[in-house]
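Two complexes follow with chain A in common, the first pairing it with chain B and the second with chain C.
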Partner chain A sequence: MTFRNETLLWMLQRASAAVLALCVVVHLATMVYAIRGGLSAAEILGRTRGNYGWLAFYSLFVLACAVHVPIGLRAVLAEWFKWRSGARDLALAAFAVLIAALGMRAVLGVFL
Partner chain B sequence: MRGHAGSWAALVHRLSGIALAIFLPVHFWAIGHTFESAASFDALLEWTNHPLVKFAEWGIVVLLAAHLGGGLRVLALEFLPWRDWHKTLAAAAAAVALAVGLAFALAL
Partner chain C sequence: MPRYASQTVLDVVTHIQRALDPTLAYRYACRVGMCGSCAMTVNGVARWTCRTHVDRAAKDDALEIEPLRNLPVIRDLVTDMSGFFDKWAKARGRFEGGASRNDDFAKVVPQSREREQVDAAIECIGCGVCYASCDVVTWNPDYLGPAALNRAWTLVNDVRDTTNTERLRAIAGDAGCHACHTHVSCTERCPKQIAPTAGIAGLKRAVAKAALRGEL
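Right after this comes the complex of A and B.
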């Protein structure tokens, strides 16, 4: 991995962190508000189905996770497990795709 | 001691990040799977009423808040000019996790 690419990953990690900070605060506040008095599928789906604002927010949240998580794990694998090869980056790229795919499936499942 | 606080903050940030990286695909899969029908989602919600599951949920929320607090600490250290209050950022990160943990526990 070239120095330029390392710098790009560092910047992507910080940019996604800034997005996630906002998303996590909103998500935590929503959860604390929503779980009071119990949850039901009808109640949740009533709020989320066809709600484009909700779709945009959670799509951004999922994609920021797909960027942030693999880059974070990359540092852990390098520093704690001494795994620094191209195979590591390939595995992490696959993990990013997995997070994005599962996350968007969940988001669309609740939106549609 | 303050150096120790920084090391602890970095370790908690890393461990909470690893735990969240493991939890996230499972969380997404479970939502995607169960929302295929309202009945299966209600069955999942029923399962989450179990005290042990509630405790695990609370743990994940605290880990998320801890990772958020630790992440804001890192961003402040890297992007804001040095000030004396940087030394108290680790305590601020812990306070975020504690506050969210309490709020979630009270709402459960």
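Right after this comes the complex of A and C.
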């Protein structure tokens, strides 16, 4: 990989980290708030189904994870397992797709 | 081992070589913290042995003295520093100006931001303590390391240098500044109180700006 692309990966990881920091805070605060009054699963689904705001928020959360996690794993694989080949990057691209697919499946599960 | 006031770890090593084992190989020159050649691992920590008092470094009245980590050992306590300095060259650690002897002196305002950044990093004497303390060097032997990147940072801030785009290319990527995990071991251990971590963070910003401008 060229140093330019490595630089872009680094910028993507920093940007996704900033998004994740915000998303995690909102997610945790929402969870704490939602269970204070003892909301049931049905009541939670009643609030999330058809709500485009939550769809957008959690889609952003999933996208940020799909970007951030594989880039971090890339360094872990290189440093701990000496795996630095192009095959590693292909595997991680597939892993990013997997994270995005599983994450969006969960998001759509509470939206639809 | 005889003990006396203000005894340094270098004194201990010298005593061993002169009185106990004349075959012991170690390296030193100035003995006063100017040359940086006596750096070794003392009780697990990379230090200048000439500036480390036994009283402060000994644990349970014992010292374990090893060569610097992350460098090939030539013999006993002597490491091969050539790879370390080759990385300075790889990081384009050489000043390359554009003026000739016919030009006037460059005027650099001492209070300018660039000059202050250079001042904070320029006192490195290349002892290798930061390099030996860096986990990323251990994990990624190609990583340029804190000292070479700190040197590059001083040149990136040198307004007279004309090769900074090439320098940023040389220090970007998985073997360059982007490999740094900000463990801050280099900054913690630097005997000159330099903060290579800050310089490396500055290089990451400089590289990012250059990439966004399409200069890389």
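By definition in this document, the second predicted complex is superposed on the first by the 109 of 112 C-alpha atoms of A that agree within 3 Å, B and C clash if a C-alpha of one lies under 4 Å from a C-alpha of the other, contacts with A are read in each partner's own complex, and residues count from 1 in each chain.
Please note the rule applied: a contact is a pair of C-beta atoms (placed from the backbone, for glycine too) under 8 Å apart; a residue touches a chain by one contact, two chains touch by 3 or more.
What you are looking at is a predicted structure, and each value in this text was computed from that prediction instead of being measured.
In the superposition on chain A, contact of A:A94 is made with neither chain B nor chain C. Of the two partner chains placed around the shared chain by superposition, neither chain B nor chain C is touched by A:A15. Between chain B and chain C, it is B that contacts the larger number of residues in chain A. Of the two partner chains placed by the overlay, only chain B lies in contact with A:I35; chain C stays clear of it. Of the two partner chains, chain B is the only one touched by A:V25; chain C is not.
The interface of chain A with chain B does not overlap its interface with chain C at any residue.
Interface of chain B with chain A (complex): residues 14, 17-18, 20-21, 24-25, 27-29, 31-32, 35-36, 38-39, 41-42, 45, 61, 64-65, 68, 71-72, 74-75, 78-79, 100, 103-104, 107-108. Across the complex, chain A is touched by residues 136, 139-140, 169, 172-174, 176, 178-179, 181, 204, 207-208, 211, 216 of chain C.
Residues of chain A touching chain C in their complex: 1-4, 6-11, 75, 78-80, 84. Residue ranges of chain A in contact with chain B, taken from their complex: 14, 17-18, 20-21, 24-25, 28, 31-33, 35-36, 39-42, 44-45, 62, 65, 69, 72-73, 76, 98-99, 102-103, 105-106, 109-110.
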